[in-house]
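The two complexes that follow have subunit A in common; it is paired with subunit B in the first and with subunit C in the second.
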Partner chain A sequence: MSDILKVENVTLQFGGVKAITDISFNVKEGEICAVIGPNGAGKSSMLNVINGVYLPQIGTVTYDGVERQSINPRDAAIAGMARTFQNIALFQGMNVLENIMTGRNLFMKSTWLEQGLNIGRAREEERVNRLAVEKVIKFLQIESIRKTPVSKLPYGLQKRVELGRALVAEPKILLLDEPMAGMNLEEKADMSCFILEINKEQGITTVMIEHDMGVVMDISDHVVVLDYGKKIGDGSPSEVMANQDVIDAYLGVSH
Partner chain B sequence: MDWVYLIEVLVGGLMSGVMYSLVAIGFVLIYKSSGIFNFAQGTMLLFASLTFVKMTENGIDFWTSLFIAAGIMVIFGVVTERYVIRPLANQDLLALFMATVGLATFQEGFSQFIWDSDVHGLQMSKFLDIGLLDPAPIFMSDHVPWLDILIPKFDIFASLVAGSLIVVLAFFFQKTKTGLSLRAVSDDHMAAMAVGIPLQTVWAVVWAVTGIIALVAGLLWAERVSVSFTLIEAVMKALPVILIGGLTSIPGAIVGGLVIGVGEKLGEIYLADVFGGQGIELWFAYFMALMFLVFRPQGMFGEKLIERV
Partner chain C sequence: MIYRETGNFVTNYFKDREIFPLKFDKVVVILGLLYLFLYVPTTSEYFLSAHVIPILAVGLATVGLNILTGLTGQLSLGTAGFMCVGAFGTYNLMLRVPDALMSLPFALLLSGIFAGLVGVIFGLPAIRIKGFYLLVSTLAAQYFVWWFFNSYAWFLNYESSGVVAIAPKFYDYWGLGNFLGVDMQGYPARYLLALVICIGLSYFAKNLLRSNTGRNFMSVRDRDIAASVMGISVPKAKLLAFFISCFYCGVAGGIYSFLYIGNVDLMIYEVDRSFTILFMLIIGGLGSISGSWLGAIFVYEFPIIFTWVGDFIFQGAFNTAVVENVSNMVYGVFIIALLIREPGGFAALWATTKQKLRMWPYPH
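Showing the complex of A and B:
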């Protein structure tokens, strides 16, 4: 399998603070890559560099064969990157259906006149988009809350809706920022199943930040470990678990 | 109580209310999409109607002038987004607000610079042969036997125009991709960009649409109070409307406008004695807004901010 994403020598600074220092790693097409590390290790910053929220001072990101120093989030979305956020970023004023529908906005090509009057291309488009949304809703088993305003939903379900919004865009690569944070065991199990199924059935490459070691070791093919903005481990789950630097970072070192 | 008179007052109130709503929607659109309270709303009205009037004074016919003025407002909106709003994106909201204050000052000066600062009368009946533009009132009893009330014809015209524009806008922002994008942008800029919504395009559309609203509202107001700098003050009446309706809600702006329109007319007629005589229409709207601020600060439809501790 070829590499769909190559992060090369990326350094990101905020003023004098180095959030990420000279990090490189590759993500193979079709794999689940977990990025782990203690709090403040630079995981979210890394994800934000990949989809263009932050501009790194040094380094490049090669995605789908195109090497870029920077990209803006909209172009990233057009290029087939979809993501979720650490602190759920749903559109609070909308219901579940509308939220997921926004994920289809790149598929809406008809003009506002056609859409407003529901004529021409707009009709067929609306049908196709609605079908895609319903498919995702069914897959994530959230049929019963279709019309519920997202602000009324419990945390776990909001995370699921956010995954739905990313998924409905038919992405090539999915960036998930702590998809299981704050969930109970059962919700975590459900979410793990969804992520695995998305990856195995639809073949979508997934880069995921996660804290739960059990989950990470279970479902990922490849693990990248960051600590204080530096990469300290990179390999299969078992390799990473045996890596002394990683053990030190997580358990501490006696001096 | 004289019921016929009451109906007359109510109808009059609703009609001026529609005009307030129209101006208020301009504020709401920009606030929703970018969190900015647009101080330049009033000068946009002035600039738009002045542009229109100067063109008709130079012998250009009604529809061409309207079309050109609308075009200029759209260009103005797009330029504002590109050179005022975009460079300040993600800055402190106060900086953005101050930018619109600057924009207002610029626009006021610019209007005087390219046009002039005279008071211009606007009489649309000179250009359009529509019976409703006749200043004389309609006796409703001529049409509906049991309804013996008087309504100024122009009020009917103005509320028809304003009402249809509001309906078109509601449709536009409810049924189209742009509408969905606007709502997404108003909730979360970052997430909107991550799903591929072009933030800048949405802003530009909103500013352009606001420009067109300003033109229509400006002309309707100008017909009553003439095209001059007093138009800016007409916009002040939209402030109580958005306080009542909430800055984030288009239905709120509509209902708020109607509430203010009816409220101030009813106040003028039935409460004048309580508040010391005629003329309370001038400030009663602000009094109503004040009451709302005390008892329901988020407005009728505004979002209540609840924070989890």
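Showing the complex of A and C:
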């Protein structure tokens, strides 16, 4: 299968700090790619470069056949990238339904005048997009909290709502930043099921940052390992597990 | 018990979007609106002119500020400045456009659009700055507008006193008054015009709040980075919020000058008024349209009721200075108390009360 995403020689600096140094990797269409590495390895920065929140100083990201040095987040969303954040970035003042509805904003073509008068396309769009949102709500089994303000939800459910918000945009590629952080075993199992189902049933390519090695080795097709902003491993889960550099990075090495 | 949600099943998504899902609510609201229209014969001209019309004007400005500050999270202290643009815009449209082409309702809406455009210009810094820094930019708008109308006497038709009384012919509405045999300059007619505009614009704001545009505004308020990652154009949302908000403020300014005090006077639109409207917004509840109206009623009526209480119980012991100072202290106390106990303001208190009543008598 072809590569949907190619990261080439990306370097990202904040002042004198090099967050990412000369990293290249490819993500094939339809796979689950896990990005792992110790804290501060540059994983989240990598995602931020991919969807345009950060601009890399050097290097390009080729997505869907278009090579760019930088993309702005809005164009990335229009091109079919959706993502979740490490420290949940839900809209705290809204309820679950409204949060997920915002994920459909690119499908809303009516003008604010129509929406304010509640006429014409605006009414129909609300209904059609609500149907799409309800499908996702059903898939994630969060029907009962539809109208709950997100600030009142427990952490695990907030993560789920955030996944829903990304999913409802019908993306080609889903970037998940630690979808299972801080969850218990049961919640992790649920989340893994959702990710696998999204990937296998809907064919959405998934790039995921994750710390739980069990989950990573179980569900991903491809693992990229970062350490101190450099890539130290790239390959199938079994290859990466056997990689001496990776073992050193995680377990330490005697000097 | 009539007021129960039990048994009200929503069977499709259109129904789920209704503003008043309960039949009881619907009946109450329709009766309430009917009463507002049939209100005129039951009250005095004095009450309309001194209480109701000014509340309609400042309440509309509060709704406007709510769209910008409550919904989109952009702080603004330029409210009175934008109202001023609306008032002067209406005056000049009525004065300079031939009578056959212009009529007060249209002039109000058109000058609202002027105010909206001015708002967009002063909203441009919002693309790059947030919070308190933006507050300074909108404060600049307030002072700039004031200075501008003070410096260019053309806008006041070279009236040397700085105040122009509004000519009776401006209330003509293309001869509608003669046709119906009603005094269009009288307060009942003014009240009805203000009421229609306020109900219409409140409905518009409520719809906007529940639609995609409203959700975009709120997402910019809550997390602008997440909003942009989801494909929302943050600068566009902010500027649109400025436009719509300032449109409301402009119309409110026109109503205040034309339908309430009956003259165009720069002194009314000083920065104090921006603060008063901000108080109304905070006390009423950020992000709620009905809250804006509650806040406007409370802040506007408090000094009046306080004076009245003083007159009746303490034989006029409170002079105007006392009333004004006490009012300001009370607003301060209310704002602090609400910010600590209930940041949602009166609107949230109302929602909580409704929730409690709904559960009553078994709260668990």
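Note that the second predicted complex is superposed on the first by the 255 of 255 C-alpha atoms of A that agree within 3 Å, B and C clash if a C-alpha of one lies under 4 Å from a C-alpha of the other, contacts with A are read in each partner's own complex, and residues count from 1 in each chain.
Everything below uses one rule, namely that a contact is a pair of C-beta atoms (placed from the backbone, for glycine too) under 8 Å apart; a residue touches a chain by one contact, two chains touch by 3 or more.
This structure is a prediction, so every number in the text was calculated from the model and none was measured.
Once the complexes are laid over each other on subunit A, subunit B and subunit C cannot both fit and instead clash. In the superposition on chain A, no contact is made by A:190 with either subunit B or subunit C.
By the document's definition of touching, both partners, subunit B and subunit C, reach A:73. Judged by the touch definition given at the top, the superposed model places A:131 against subunit C, while subunit B stays out of reach.
Annotation for subunit A, partner touching more residues between subunit B and subunit C: C. Shared-chain residue A:82: touches subunit B and subunit C both.
In the superposition on chain A, A:22 makes contact with neither subunit B nor subunit C. The residues of subunit A shared by its contacts with subunit B and with subunit C are 51, 53, 72-74, 76-78, 82-83, 85, 89-94, 98, 101-103, 105-106, 108, 112, 115-116, 118, 165, 169. Chain contact summary for the complex, subunit C toward subunit A: residues 13-14, 16-17, 204-205, 207-208, 211-216, 218-219, 221-223, 225-233, 240, 244, 287. Residue ranges on subunit A touching subunit C, taken from their complex, read 51, 53, 72-74, 76-78, 82-83, 85, 89-94, 98, 101-106, 108, 110, 112, 115-118, 122-123, 125-127, 130-131, 134, 165, 169.
Within the complex formed with subunit A, the residues of subunit B that make contact are 171-172, 175-178, 180-181, 183-184, 186-188, 190-199, 303.
In the complex of the two chains, the subunit A residues touching subunit B come out as 51, 53, 72-74, 76-78, 82-83, 85, 89-94, 98, 101-103, 105-106, 108, 112, 115-116, 118, 165-166, 169.
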